[in-house]
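Order of writing sets the labels: A, B, C and D. Residues in every chain begin at 1.
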Amino acid sequence: MNSVVESGGLFGVWGHPLANQVTYFGLHALQHRGQTSAGIVTSEANVFKGHLGNGLINYVFDQPETLAKLTGSNAVGQVRSATSDDLADDSNIQPLLFHFNDRSIAIAHTGNFTEGVTLRQKLEEQGAVFSSNSAAEILIHLIRRNKSDNFQEALEDGLKTLKGGYNFVLLTDDALYGAVDRHAFRPLVIGQFENGAYTLASETCALQSIGAKFVQELSAGQYVIINDEGFEIVQYLEDCHVAIEPMEFIYFSRPDSDIAGVNVHKARKDTGRRLAEEHPAPNAEMVIGVPNSSLSAASGYAEGHNLPYEIGLIKHQYTGRTFIEPTQELREAGVRAKLSVVESIIKGKSIVLVDDSIVRGTTIRHLITILREAGAREIHVRIASPAIRFPNYYGINTMHTSELVAANHTIAELQEMFDADSLGFISVDGLLEATNLPYDTENRGLSLDAYTGRYLDDIGGFRAEFDATLTPIQQAILEGTFVDE
Amino acid sequence: MNSVVESGGLFGVWGHPLANQVTYFGLHALQHRGQTSAGIVTSEANVFKGHLGNGLINYVFDQPETLAKLTGSNAVGQVRSATSDDLADDSNIQPLLFHFNDRSIAIAHTGNFTEGVTLRQKLEEQGAVFSSNSAAEILIHLIRRNKSDNFQEALEDGLKTLKGGYNFVLLTDDALYGAVDRHAFRPLVIGQFENGAYTLASETCALQSIGAKFVQELSAGQYVIINDEGFEIVQYLEDCHVAIEPMEFIYFSRPDSDIAGVNVHKARKDTGRRLAEEHPAPNAEMVIGVPNSSLSAASGYAEGHNLPYEIGLIKHQYTGRTFIEPTQELREAGVRAKLSVVESIIKGKSIVLVDDSIVRGTTIRHLITILREAGAREIHVRIASPAIRFPNYYGINTMHTSELVAANHTIAELQEMFDADSLGFISVDGLLEATNLPYDTENRGLSLDAYTGRYLDDIGGFRAEFDATLTPIQQAILEGTFVDE
Amino acid sequence: MNSVVESGGLFGVWGHPLANQVTYFGLHALQHRGQTSAGIVTSEANVFKGHLGNGLINYVFDQPETLAKLTGSNAVGQVRSATSDDLADDSNIQPLLFHFNDRSIAIAHTGNFTEGVTLRQKLEEQGAVFSSNSAAEILIHLIRRNKSDNFQEALEDGLKTLKGGYNFVLLTDDALYGAVDRHAFRPLVIGQFENGAYTLASETCALQSIGAKFVQELSAGQYVIINDEGFEIVQYLEDCHVAIEPMEFIYFSRPDSDIAGVNVHKARKDTGRRLAEEHPAPNAEMVIGVPNSSLSAASGYAEGHNLPYEIGLIKHQYTGRTFIEPTQELREAGVRAKLSVVESIIKGKSIVLVDDSIVRGTTIRHLITILREAGAREIHVRIASPAIRFPNYYGINTMHTSELVAANHTIAELQEMFDADSLGFISVDGLLEATNLPYDTENRGLSLDAYTGRYLDDIGGFRAEFDATLTPIQQAILEGTFVDE
Amino acid sequence: MNSVVESGGLFGVWGHPLANQVTYFGLHALQHRGQTSAGIVTSEANVFKGHLGNGLINYVFDQPETLAKLTGSNAVGQVRSATSDDLADDSNIQPLLFHFNDRSIAIAHTGNFTEGVTLRQKLEEQGAVFSSNSAAEILIHLIRRNKSDNFQEALEDGLKTLKGGYNFVLLTDDALYGAVDRHAFRPLVIGQFENGAYTLASETCALQSIGAKFVQELSAGQYVIINDEGFEIVQYLEDCHVAIEPMEFIYFSRPDSDIAGVNVHKARKDTGRRLAEEHPAPNAEMVIGVPNSSLSAASGYAEGHNLPYEIGLIKHQYTGRTFIEPTQELREAGVRAKLSVVESIIKGKSIVLVDDSIVRGTTIRHLITILREAGAREIHVRIASPAIRFPNYYGINTMHTSELVAANHTIAELQEMFDADSLGFISVDGLLEATNLPYDTENRGLSLDAYTGRYLDDIGGFRAEFDATLTPIQQAILEGTFVDE
């Protein structure tokens, strides 16, 4: 599944003599969360230095000098996936760095504000001048327009004004801040180095990569302030409850990360096992997964079903920044640079193909085509996520109902469209059990919006489009009359 | 296992309107065979154009114009791994392109000539001027000094003069040639496009990537000439028999490639199953593989032993061309950019760690260290290759006995050095059976030199060093008195 | 004289089908006005596209595609010399491009606001968020905070708030604007193409370079609005009179430019002739000029004095972007990459050395040293500018009294410091006559601040430093008691 | 005059601790002799390191590390202008570096061998493999095929085999060599540093640039060997006499260089004075020169004629490596990036336009066009070189009679073709007197081939084309019946 773009990875560190290097390697470990641009701002007291650019972090910092120039013991950084809309606009590369007469602020964020457009328009009407399209800049304007002389108060007021799904890291001359939204849709974790310095990261895998120990994960409606005294967590919103974006488990996060204490690989594998129970494939001879995100689920399915787990699809290791795409002529000839079928494994076999999720359906359709071309006899598709039937407005770019194939088609229709011999999605309950988060709320700590359409939070400026594009399937789900799986 | 450097991948095409693009994508699919430099030479009649550079193919061709300038319907290309010795010498990047008053020749090779140094010195004494350190240039000098007016005859004479393990692709104004050595140590395959054009590649995976069908694999002592008439295979050496480098199955090749009709993934998986029989691990709770080359063997072991196959080690997807390495200070803090342990999977567990092979032993030692740090209770190491006890002189850079840890230590010693709870290598017979090549010679089509020390071919100029560095273990093996496994 | 940094060159075009290319070549012709960074923003209706970077314009646009992407028939561009302070801050590269919900604005400026710091601080206190250190952004904030719905009114109000020496080009969805300050310190000219399209440029040489005809020069306190209807000039300030920065004639401008109808080469040559009258050199055998800015004045001096004009100093043609500077060791050995003495011309001769001006005095001191080393017998220094004795606050970075050697030393002292055999500066009257501008005001259209200390305009926030650093020489000049030349 | 391409600049140094830097700055000072590629090879004993590339020297060495890696106290380097033919062939960038089993050799050359093609063919027939199209490689093959064990003997034999106009620098493990041809067509000078180290350079200006003193210029048929003992000059050819390429004085060399003790600027100025005597322009009001190569001659003409010398044509300072050329559309609109007319100087005036030489005539024609467009009333063209009527086969690429406008037209015809009001070339005698070289041979130390067609040296392989393309004018000159000037 490739059609979902994650909104990026955040990193911060305070009081580490090698802040620039630590941030570089921290972002390197978060690179899977965003490949379009990368940036680091370091600081020492009120001297801030930054370097940003398009591309992978090792491309942006392709000269050791560039990183070496970023002196100082504090830093924030970001890796990010731009949508095609804002790809060309370099002003959106983060962290954004603002110099005021009284202080400097570096800020980076991930996610989406449901009232972002309105909020920005209102600020512009009051004379605000935005230098980027980035939502992060809205927070800066809110802070600067706040009457309070106290920065932390102004920040807190600003955060309370925002709605939606977001994470922030923010660096001032005297502190590093990290903040998560009302539902902690996406994780932000605190780590600590042996030398005592604290760090923030979007995933625990970054902590391990840089030799820091996991300390704590920010919970719903919290922010942390880290300074020379240590760290303090502030509950800035009340009546919050955790609702983690399930795609973090299913697709985004690295398998070696833990979210809310649950290992991602383990959750995926258990999802695969559960999927084998819910949707067995009696005649199948082997299980293959779509690399790399579905391999854990596929091996879980294989074990659950007692079938061999085979490497039937190869993802090329050296894809990197390719400037050359096959021409139409070559594409028709079957030229492909990213994924190959292992013909001699597949030929004549009945296989279970496990994928993590289905959004537009184009990838799975393509895979089935090349597997059939390679001689697969039967293809039983199993999906390690429930059918995604409602848009996400909290920071994943699956924002339009029209792009969600399962919002427009029943599973039987999808099976036919994809030319699959059978098709099964894990149930919502199956996902909740396999993930097994330590929360006893109704949704057990996962955000189920995408499956149920009952949004936990107001969807703000997106309501009009949502209502206008409601499909019969969505309608039936909201009315509780839909039966499919 | 990272300490073996493969000598590269070759590609050629004749008579394809998009020769430049086809070669680009062909080399892209062979990128795992060499990452230090890449190059393409295209031609149309006697107009030859080339572009070469250090780095991955998508880095060398980072501007579409660069590739577009390489016009013509014929091409040869190479990706290559340089040893540190010749890294700085750009004159070694291939294909080499020679312009003579009567014709031009582009040539690329992989492998090693056992008499290369002597041959070159002899030619220099006769006044030859070499422009590179590349062995490929020796063949050009042999061809040009040949008295025959017939190019093909001169080429054949030249090839007969060479000894060792090598593959060539060679492009002239009227034909494309591919050649393999007396034992076909490494594969070179012929493919065909729908439009009839023929292509040559080091692995079948490249054929699939560019939409070409597999036609035939060159056998020991053969070369192929491809021109507008089609292709013809010539047996230029007699008394040859196939002895494929086993590392092609174990480590080098992509799992979706077939060698001598045997799929690499399948061979690896069967090796894993066989390893489970030969060296079971009764108390182990799970199997993990060293990514990416050992994953097939690990899943085979898991199935053979009926143990869960887990993702306990993560190889970072975005490593690419990193200019920044952790400083010593960071390294001591545990910063690592390439491989991570999934702590929550490993902690407290007894695991089987499957690796493809052991050369110096540094990687396995490092992996055991970080697995223990992550809390692994027991670590049972299983190696999907027999113990490598003799140097390779046919194109893999494991040339010195001193670098081969198993040439200097028994398995019991290795187990202690690595701090493993147990250690098992697959037997030579096990490997032969798992690979199951369709040859009925004594060695069943594999080169067993590295395990037995009985070299199939003369090792030429390396004999002196070989004799001088013989270890007690090697001596005992050669005398047939060694008992270890 | 190299120690004065000009603040840049501006360019704009409206309604030309090749706006991007025209702007590229226009900026190329203005490159001598700034070499640190370059940028172009093009637009078509409300679609704005920009590309900016550090370095010369041909370095920033080193790929034809980069320029080709800047589609649209309108454009603004800038080349700029950064001071070392802001060199590293890429956010200052212009044109700045702002996207508002109702429109986009691209802006570039040259010059300096005497109240810039105060103004910015006031705006920040009102909550304004600045994304750059650039003064141009102040105007944007003023415009956006204006209550008027009419953009032109808001712009006019904003301009009236500013003080100092500045030029602007500004592009909106429906017009191109150009503005000059109360004294037209630096030129901004309107040109027209054969196809009717209008253009703006900092110098007439840019018009000639792109095949446009000169139409009109903006006068003190004017702005021009160019749109599909044609152009209209608005006198937005009253009680203005022209006071052109004399360094435009003496040093900055290209000799083929005209300012207020006066050709720069001609003015320089006449200055040289006048200098020969005011300060003859009876025993001199030849005249040499410091390349390239002093060659016109030197040839004028030679003609006025009937002495041969020789090429005694060579400026290297290929200096470009050199990343390698002579090490200290090499510098001591006399290695120099930029300027050479023609020894065989100079040796044993009594020469007149004409330089355009003296700021710090380091260049002239260095030149005299290398001329003496080359064997010059006598060196008579003649300066084609009056002694610069007061700082400039209107856009040239000679802002500190301490940096002006003539503010701290009499001419006799300077002659000794420089080791010159004689030293003469042109008089202020001499400069006025040689320039011969068509204005009958007291200062005849030139700004004489740098010589007299009587600033035409308020120097705003710089007053305190000015008063605090007053030297005895400055004091005497202001009191009318100084006699030197 | 831009249509003559010089064949490059050479540099060498032996025994200097900063050999890499000294060579960099030496080549920088020789950059005017070639802008297409640059390269440096350094050595210490038998360790040789090189870096080469396309573009200016500061572009090829755009990273200080690149230069820093070239360790060692000896070096050779080259800057070179490629003809369009070999532009794309990177194998021709020099110095060429050859590694043999017994030694390494780095070599760079300028010039042309009149028997080069034949010589190469002969060597290829003997089995020689050339890696470049460079003539320098021929010498290497000659050396390596020599029977002598003594390198210096082999080199001397090789040099004796060559014919034509050439200079060499050559670096081995124990010496630096420099060689010039039988007529010393182009200079090669020896310099010495204060630390005693010796250096070689194509022009004296490079010595001055790096702080070295001029020691001696190699004379016709000499080579120099420099090693730890000092230097020794060997006369390897007999019956030589000096015949310097006159374009070295007229166009190629930097004005601050001396050739055979004569300063280039002085020679040019005297040529201008003499031109004023031979071809006065009674009604002219001013003299302008074509920048930069004709400025000295123009100021000489102005003085000789007692006319003002004006800057009527501006050559843009920042031309550099421009990737963007005006489109046809823009060119027609008069867009030009390299040379501008100073309209206000020229308008309505009768001018003398001094250019250094005429080859194809395209430049002068273009200049007259733009001067007339700018309003010049009369244009009297004066050329500081005799009419070039015969091709040059010794290293300047004016090799074809068809390209020489004066080989095909009388002066009266040229005047009309160029639309000049009058046209005068300096006479050959005038040039000899103005240059005033210290030789008492018939041609006074200049090569007059281009004017007389009587080649000093055999023109070898070019004879056939020469004879075949003889024009009536050439014929008449050779027969002594031509009267024109």
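As a working rule, a residue touches a chain if its C-beta (ideal position, glycine included) is under 8 Å from a C-beta of that chain, and two chains touch if they have at least 3 such contacts.
Everything quoted here is computed from the prediction, not taken from an experiment.
For the pair chain C and chain D, the fraction of shared interface numbers is greater than half, so the two copies use mostly the same residues to meet.
Look at where the CA atoms of chain A average out and do the same for chain C: the two points lie 50 Å apart. Measuring from the averaged C-alpha position of chain C to that of chain D gives a distance of 37 Å.
Mean C-alpha position of chain A lies 62 Å from that of chain D. Residues of chain C in contact with at least two other chains: none. Taken as a graph of touching chains, this assembly is arranged as a ring, one closed cycle with exactly two partners per chain.
Pairwise, the chains that make contact are A-B, A-C, B-D, C-D.
Chain D meets chain C in the complex at residues 18, 21-22, 24-25, 28-29, 31-32, 35, 56-59, 61-64, 67, 193-194, 205, 208-211, 254-256, 258, 263, 265-266, 269, 292, 295-296, 299, 302-303, 308-311, 314, 316-324, 326-327, 329-330, 333-337, 340-345. Against chain C, in their complex, chain A makes its touches with residues 49, 69, 88, 91, 96-102, 120-121, 124, 126-133, 137, 140-141, 144-145.
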